[in-house]
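Note that subunit A is present in both complexes that follow, paired respectively with subunit B and with subunit C.
For the complex of A and B:
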């Protein structure tokens, strides 16, 4: 039997993985878990309080919003949007950022200069404004949200990874690989990528947390998925008007966002501590 | 005799990690008189640095003094309160670290650090720290001290940083100085100057010095007394000259014979087998710690730890048969070979490489000639050494030869083919004919690949014989040739020692059976015993495969031992070349002369007088 890898022994990683596993199950099995149709309006029972308060309706465990929609069902279905965006946006940003970072760091010279300047110009736009502008241009919809987040956040990967690639590029084993006749492609994939992979994975899990927040921001201002798809940011926006009568309507989605982001971040932090060779090496010495 | 400045009595340091205890230093007894220099010599892991750390009570986690006393001028450093120790450290007891660059704080200017130190040790009334700093810089022969104060460490050379650290160490007129391998990271010529400088300052202030080094020859030149450590226990203690000219402990003798000579008859190297026993083994070891590697070991050696035998005045050795030690003789020298003229594998004509600084369309580009107009040849089976200080262009030349860089001008031909252009067919041709062994084994082996995969990388590149089976078979063959156990193939580089990694490094280069190897400083930074093993391995492999080699090194004695011919490089140019014996016996160029003079002589009775500055040939 193979020993359990070091990173799986970290409590942070385990906590993060458990949270994400639960959230993923919720998203996948949403139709079976949700007590009601998330979009069904019950105008007869609007703003009912959650179960533990007086006057609750057992049909709606966490109460209803101002249109009489079930909060719990909307939260459960909202997980789908949040996780879809988190995974696809993070993977997309990682792929673009990592490819450009490896090219820039490996080849250096004018290629590096060009990519570096593009990243700098890109970074000079405030990210939330940039994503809003993109959403206005692209129109609402799940695919466009993912695209907007990718286009805003790939620079983060590119920057951080590039410096790591440069460090590895100067190692003698990369020169040795060239001497035995490795192609550039093989040198990058076999010699450099294994070294940058821990950082890549770490960055990706952190990026997922960021994507959840950006999606919530966009859907809060109604620039994300359409109003027919429940999303956490939308729920916060809807609950604003009745903040005093039904504070729980606001608290529930905020709590959901908090849990999801916490899960991604603690996973990322745990991975960083156990996988990042720079950290593990300094701790060992 | 006056009171000793430092006296250790029964000093033992143990590692207390977990439930078990491992001995790190065992029963250390020595005294150091004021104004004397004690050389501490041994391989890495012998516990040399641990003594320095015990003095400052800066031991690694889990290490503690478990027995004995260490008295500084009568006060026990081990039991004294931390406050008192802080008063002593940096004032009465000063340190010079191994890595000059990491000894200084990179984000503070030299002046800021000097000021902080001078204010801490206290200035004379009415004295400004600036004047004092300049005075101290003057004493260590640092010209233009005022300009230095505003500089940051990265703007200075290693030798200059080391001088600044020496100035700081001596600023408080300490009574004890601990110099932990202060010259290991430096070039020979700078090493000579730094060592002379420490000796000069030591005489000025009458400071007692503990000089830690792995170089027995250097220690015998500078020290009054030498303590040779083996696995945490002294093997031999004695007056430097007596100890070096007639070592009584087999370990001292073996260390001496493992180091190649710089003058006189060429002799073979004594190969100390294996490695020093680790802490875990030591714990249960009954007999002499050196017995497993000792050529003179008899059965009695493995039964009980040998007591110290008195050899002469103040000269003791932990050996039961010290009279047998002179019987250890070096193997005969490798016979000098005649290289047939005309059979040239590799040649270069007026090879030049100019580097441009950072690429940017806006910045003005500067150029810098790393290699300029170098001519060289390498015959079949010939070993050619390239020597010079750092920055002389040795490594740049190596990169040009193997094709990691393309020359700006000139011509390189390899086995009858012009490979100057370094295009794809040239590179493929090079791959089968020339390979490189890299300097730093840490950086040369991908930490995420297994050894078996590293040594057969060439198969992966060509796609020939690339099945797992074939690669494992080839790896097993290669590992056998370089003397590693077959199970090493499935290990990762981090599980090997420095010497073993360097062997893997050589095996990778040999995989395609190239005609030429280029070795860039492959034995620097290794212990003399490991160095001797590797040099021996190279000679053995040459006999089997008949390759030729460009051997780059700053260590002249190693080049003298190994190479048939030698090129001396200075600032990108070859200033002298010829047969090794001729060049070393009668150097023509002043730079070669100063390089040779910087090496401590083999005979301890010979006065070591490094040429400190010959007109026009000085780096630093």
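For the complex of A and C:
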């Protein structure tokens, strides 16, 4: 049997993976876990408190929102939007950012200059503003949220990876590969990519956390998925209106977002510590 | 030294111009593919098809896109971003009346972030190698997972709703006088001697600024800690120890002076993010700044405001980065020599 890889032994990586596994299960089995239909309005029992307070309705374990919709069920179904956006946006941003970073770093010259300027233009937009403007242009919907996040966040990958590629390009084994007559494509994928992969994976994990936040922000201002799809940001927007009557309605989605983002961040931090070859052994433990 | 800084600033301003040009073109294009008709929106709902058509011609919407863009850009250079469709007011005056509020918020939040970031970074460094380090390191990851969006709601719940010690809507409680000189409320109330307004406005700023500042500080802490670690590898630290200086003096007068530079350049980048982050905080605290204007405009598909506010945010980010770069030059003598 192969020994357990070093990165899996890290407590941080394990914590992150456990959190993500639980969240994924919640998302996949949402229809079986949720006690009620997340969109069903019960106008006779609006803003009921959670089970542990007086006047609670056992039908709704975490209470109801301003339209009488079950908080727990909306929370559970909201996991779907959050994770879908996290995975697809992070992968998309990673692919675009990584490809451009490798091209810029490897070839240098005018290609590098051009990509560098594009990144600079992108960075002159605060990310929240750019994603909002893109959502205005694209229109709401899950696919467009993912697209907007990809179009905003590819620069995070591009900037960091480019400098890593430049370091690796100067290594002797890359020069050796070029001398042997490897094509550019083969040199990049076989010689440089294995070197940038640890950083790539780490960045991707962190980006998933960012994507969860951005989606929540967009749905908070009503510029994400439509109102028929439950999302954590929408729950916050709804609870913000009734903050005195039902403060718990606000706490529940905040906590959900926090757990998801924390899972991605601690996973990313653990991966960075174990995969980064430049860190010393003491820093890893 | 001033010549070097002036040269850098001129150079940076010249590179900022093409960036703004591209940004304005991008903004224009993104918002023109929008499936709303600005002409139909600026007319009453019972307008006839002919009236809409006439309005389209008047607004230049029947011309090709690059024509429309050059007209828009020409007006923009004269300080005319158009009229808001929803508010029926010049966009320039709308932005002019909300921008100072946002700047005030961002600057104070940045001060908060700097204080927390420096204190936290020094503390993280101070406990290095002890058991407390693991705890604090873990805590800083926890803090990193809470963006300003969640901090705002969280602080609002605790101090606004549960303990009811601080106000959390708007800039001023009803009944307080609102002096207008520069548009910066804190400054204006001081100039005009309205101290009760000043303290009330300050109270309103506490929660939003804390939310923005705290959210920003963990990354500053972590960078400061690692650059302090790097600085302590250098020979001048040993030399200072051999001279018999106290550890506190070595840390503050020798190591920190060098370690602060990477933190400063990160702060430049973060300040740009923070400026965007004010948008959410403004919405959550109903703070009448540019963020609220922008979101109102988005809900009403008010294109001129979205374009104008979007562009203003970009200008702000570019200005901030130029200022930070100049500051960097002032604080780093190594760069000045050339």
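The working rule: the second predicted complex is superposed on the first by the 279 of 285 C-alpha atoms of A that agree within 3 Å, B and C clash if a C-alpha of one lies under 4 Å from a C-alpha of the other, contacts with A are read in each partner's own complex, and residues count from 1 in each chain.
Quick note on the criterion: a contact is a pair of C-beta atoms (placed from the backbone, for glycine too) under 8 Å apart; a residue touches a chain by one contact, two chains touch by 3 or more.
All values reported here derive from a predicted model rather than from experimental measurement.
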Report for A:172: first if it touches subunit B alone, second if subunit C alone, otherwise both or neither.
-> first
Does the superposition put A:124 against subunit B (first), subunit C (second), both, or neither?
-> second
Superposition-derived comparison: subunit B or subunit C, residues of subunit A touched | C
For A:223, decide between first (touching subunit B), second (touching subunit C), both and neither.
-> second
In the superposed arrangement, which partner chain does A:186 touch: subunit B (first), subunit C (second), both, or neither?
-> first
For A:195, select first, second, both or neither according to whether it touches subunit B, subunit C, the two together, or no partner.
-> first
Between subunit B (first) and subunit C (second), which, if any, makes contact with A:139: first, second, both or neither?
-> second
Would you mind writing out the residues of subunit B in touch with subunit A in their complex?
-> 359-361, 402-404, 427-428, 430-431, 435-436, 438-440, 443-449, 454, 457-458, 460-462, 508, 511-512
If you look only at subunit A, which of its residues touch subunit C in the complex?
-> 120-121, 123-129, 132-134, 136-137, 139, 209, 213, 216-217, 220-223, 236, 240, 243-244, 247, 250-251, 254, 257-258, 261-262, 265-266, 269
List of subunit C residues in touch with subunit A within their complex = 19-20, 22-23, 26-27, 30-31, 33-35, 141-142, 144-147, 149-150, 153-154, 156-157, 160-162, 269, 272-273, 275-277, 279-280, 283-284, 294-295, 298-299, 301, 306, 310, 313-314, 317-318, 321
Subunit A to subunit B touching residues, read off their complex = 108-110, 112-113, 171-173, 175-183, 186, 190-191, 194-195, 277
